[in-house]
């Protein structure tokens, strides 16, 4: 573990991967309050940085670059990798090799806490008429979901074997607003997302935890009761957007798989052939 | 399935059975907002109807009349039948033969969603010191409760075999106000009852669901966690009435069965002999 | 309860309904060892009787005849009613009204133990890749199965309310030999069937018990662990017949519902219209 | 059971043991509203009493004194005994012999309801990353915790055998304010403590119940869902104090047992040798 | 831990408490095969000893005597204490103070494995129609049972806190033969008892384990599935004795508590007043 | 799916990957009885083949070679890949990319049943004092175990999405004889291994099943109750070898991780750096 904060902030240096993505951009502001230095990384150029930020352009599949990126940090928020369905060879490099590289680097550099962006798509083939707790068995709805299952299994191993704690965030749909009827159930407001990361970083002991990233929406597929020790209490809800998507009667008998399973349209994706990265 | 709404309401035509009863009267107003036409039926005369209503006087035990009643509707709220303990032969006609007739008619006419008024009396022989979830085993407290178990089993079959979705509402005590100490626990306000029917009709997929119909009362015997996908969130509570019924110390050692089991006085009903209807 | 045995046999008089059916005929011999008098009944003529037997021709839907049939017996083995899928009106009379009549008669005459022939078809819509314990939820695969669910619910009520104990036997396929591949899993030998009835009659306390009637077959869908207090230990197996039905490779992708659900061909039965009895 | 209230209060006479302790002092005011007479006892001198109070100085290990103390009361709130880790011989007298004496006296004098101050230390060796429900197995974190397990077992016996109802309160940390980071999770405000005792005394049937005594804090190790029938709804939260104790980053890899287990520093107490009382 | 065997036997010195009792006498022979020296103790005179045995007359309530008794042993089979219902003060000395003394001595002398004779009476108030696994909640049927609950809780603490492993044997009825109908269910043959102790002593890791001590009897209330890691497989059965106790029909409706609960006649014992030892 | 057997054997052509390994060699004989043609493959040269065999030398990481290997087969027994801990880059190619290639090929060629050699090392970080059922959460004990978790997740996806059935065999230790004390628990005889593959290939419906590959050994960490529908009944046991490894007393307090966790020495493997294949 590296040096601690000189300024009284809780962390000396935090690493945020995937900092250029949708959720990464949301977090950058919050991280400033929690650490003297925020190291941000992405596979693409990150543009301007704030004075407390260090930018690193890193391909997660590059073991040496990852090793260097992790050096000197106190904890990691790992949003990096591919976050939609994609050709398997791409997912393999970014989400499998990349996640392995990150945990190996954490082990070598003594990092003890990682917040890992898993996904609700690790359980997307459960029906929409089920309510899952955090022990529900994996039922990935896509190759993307399969690679997130890998990340959860790998992080479990690094906890049992090396004591590196991980909170796996099974993120629902985190956008400015819900975009369709499914997101009335899966919506995670930006505010609640940030609060969830905060709880995951600051809880005294995390062990290897799984928690669904979802706001306090009226309808709900996921039950975080077993993760209550993290202290996460959502403050937002999709309620305000309910009227936008409730116009028509259900077509119970004729609904396709995208209506039957929690993963929604993900369950329809044709697996893509191996492709050049 | 019949024609859809011409006016932009979610349903073209909804059927409400038992429309002349206590709860049926509460629903009639709400249904007007959800469908162009509301067909209302009861075994007794229904009196005046609103312009959007069609009244049918139907004995549920009459197969042909039921078949006709169901024709052309998009979904059914089935409150009809006998809702208190009664001689078995009466229950048999109204709640067993009648419910079978309704589901057969739904199958023949392609209706795909039924909201079925089950009852907390399907589990009334569980002790008051238990909290039941929606998978709790049937323990009916009366012949009435047994016939509601039949309705739950029958609707499960029609879902597994024919894809007809049902939400079984295990209704607590739905009145203007709680009338006794037991109802402080079982109270379902009219507003929450209507909201529960709304969720049951409008949820995109219902499968075969069981949910307790109860407001957010301080003490609680029933846990709807596994039915959270329906989106039902009670807004009312019996709290305001708590003082009316809390005057005396418990007589723990001397309480009779009506105090020991959730079904309350139902567990004391002598079974009635077969009687003419 | 009536008089006890004069001759030292455990029971004075046992009643066997459905005595003319396949399983009834198997039991008649065994019952002779357990009771001074065996009252046998069926809706059809029973033919010659042994000296210790009393024959009664009774339609279970006839309340008075049932009341008379039950008078003076110590315990009942209730195999009567319809044991295949049939028009609902027939099932209603035999399995619903008939079972109610039997329990009412037991209550009036003080009979305290009933062995009830339920059926594996109360759970026949569970997939063949599940192993069910005795608490598995009802998923009837036919209207016949629905009426057996009714019998289980009714007997639960008579136990909770009046202390009449019932053992519900969810009988698999009880024949001389398995007749098809499904029966390699569901086979209950005649010997094991008789042993199961013996345990159900003689266990000191039965409460309201559910047990699957199945031999010790190699493949198994049902787990009787929670009914081990009954002392039932199957001695036979379908193993000896395995070669007859194992000739072809599985057609996993193309199997129809009869291969996917435990109920087998029952799940395919078209519901029959109401018919004259 | 003794005479009932003459003044219209729910109880005629309540007994409060441990009345001189921290929590006992909190309760004295509330009990005045619930009973005509409040008998208060402690091993030490209790000082001045209010007009409705009767003070008794009693060593719980003194069987005859306890017998006398219990005579004529309608219900008991048993906070007495040692509430911190201590030499085993002391715990044996106060918490084992003393609790036995109390229950024997309740049995002889016909008292039917006891609210027993158990402790979260009966489950203190569960990890801080678990959320326990009220059925979680005992894992005491200290000899003190072991003696509270004894009290829970003993009271279960007195319920099953003699029908004496007990609510076991597994009290968290009940002080004016949380005093350290652990108490942000375990905090029970005085107001919520009083409300919990009120629910435990007034619920119509309590059976043998277990409930965690904790406010509605952000992070939570304990789930009272199965005790919802008691009607306890905490109104306070440790949220307001969160900032006082959240200053530093977690030291995940290096945390000692006091950070790993719910019991906190209790798990570190060296067992003390037997000592003279 | 003391010196290891010089002769090639697995243990150097084993301690057997309660060596003068029924089960103690059965074990003495077997222990000779497993240890160079067997230290045997009891509160009464033990008579002649074999060359490999060391006899100690010890009152378990005498802390110093217990401390001395435990010195130099590798593992302990603790059958000592009172094994029937008795006045509480006697049980307190022998089973509560005595068990505490034993564990404190084990801790001080570095003994790491104890086989503790618990009892089926820790769960004796479960109904005879339940099948319990090793996680079933305590429901003691007697003060004796309550003290065995204490032993299980105490040993859990010594495992979590000090790493001392215990196997809690919830012994059924271990005699030469079953003596009544209840023992057809609870029978533990002497051979199976010895085998169970052998497994408990020799399994590489025991943690804190609970296992029911019962043979492979036809009817069964207890399920050891979660203790299968111990390797215990009963070889005997009460089957051979079944005919002795099966003569009469069940009296379902009239059975008293001794027939309703697993503890049998224990549930009827009046609690005894405190008595001089 | 390809052509069926011409000769009356159940399968026309079966594919066995990893045919050159220890278990592959055991299966070759058995497969001859089940299929006209057995295609065998391995990354190394397979030597002489029988007339009914077709040999293919294939690197599983080579997508095109795998696609060709799978063409024309009815079902697959997939033992290929790396079956010990190894550098991650090697595991990635053989067990992650290789397994993906196999399932993609199965999808394209319409193969509907795969028997997948998973491993007990997917749950190896559960303690040896636990008994796991087939729903136990993944706790891999090595990077090797993590890649087998990937295979289980991937095959779940191919079942939910494409209906390709897989039986995941969590193989224990399958050798001629147990080689150490741990293998007394994990031993799977060659005969039982072949029987398990037979059940997995021939069960009419497999869905996505998980089953532990273990013989009927005295001590047991794994419970296959939920997989009983497969019909697997082990016939062998490690009992005969028990004496070889039971010589010494347990060293409970001092046992290292290899004694504490089911994975044994696997839990000690240092993760290996990425390496060239």
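Chains: A, B, C, D, E and F, in written order; residue numbering restarts at 1 for each.
FYI, contacts are C-beta pairs under 8 Å (C-beta built on N, C-alpha and C of every residue); 3 or more make two chains touch, one makes a residue touch a chain.
Protein identities per chain, from UniProt: A, B, C, D, E, F = Uronate dehydrogenase.
Given the structure is predicted, the values throughout are model-derived calculations rather than measurements.
Annotation, chain C versus chain D: rotation angle of 180 degrees from the Cα superposition, expressed as a multiple of 5.
Shared residue numbers account for under half of those found at the interface formed by chain C and chain E, and the copies are therefore classed as meeting with different residues.
Rounded to whole angstrom, the centroid-to-centroid distance between chain D and chain F, based on C-alpha atoms, equals 53 Å. Distance between chain centres (mean CA atoms), chain D to chain E: 32 Å.
Multi-chain contact residues of chain C (touching two or more other chains) are listed as 225. With chains as nodes and touching pairs as edges, the resulting graph is of another kind, matching none of line, ring, star or complete. Pairs of chains that satisfy the touch definition comprise A-B, A-D, A-F, B-C, B-D, C-E, C-F, D-E, E-F.
In the complex of the two chains, the chain F residues touching chain E come out as 127-131, 181, 185, 218-221, 223, 225, 246-253, 255, 259-260. On the chain B side of its complex with chain C, the touching residues are 63, 88, 92, 96-97, 100, 104, 107, 125, 135, 137-143, 145-146, 149-150, 153-154, 156-157, 160-161, 267, 271, 273-274.
By the touch rule above, chain A contacts chain D in their complex via residues 1, 4-5, 8, 10-11, 74-75, 110, 112-113, 163-165, 199, 201-207, 209, 225-231, 233.
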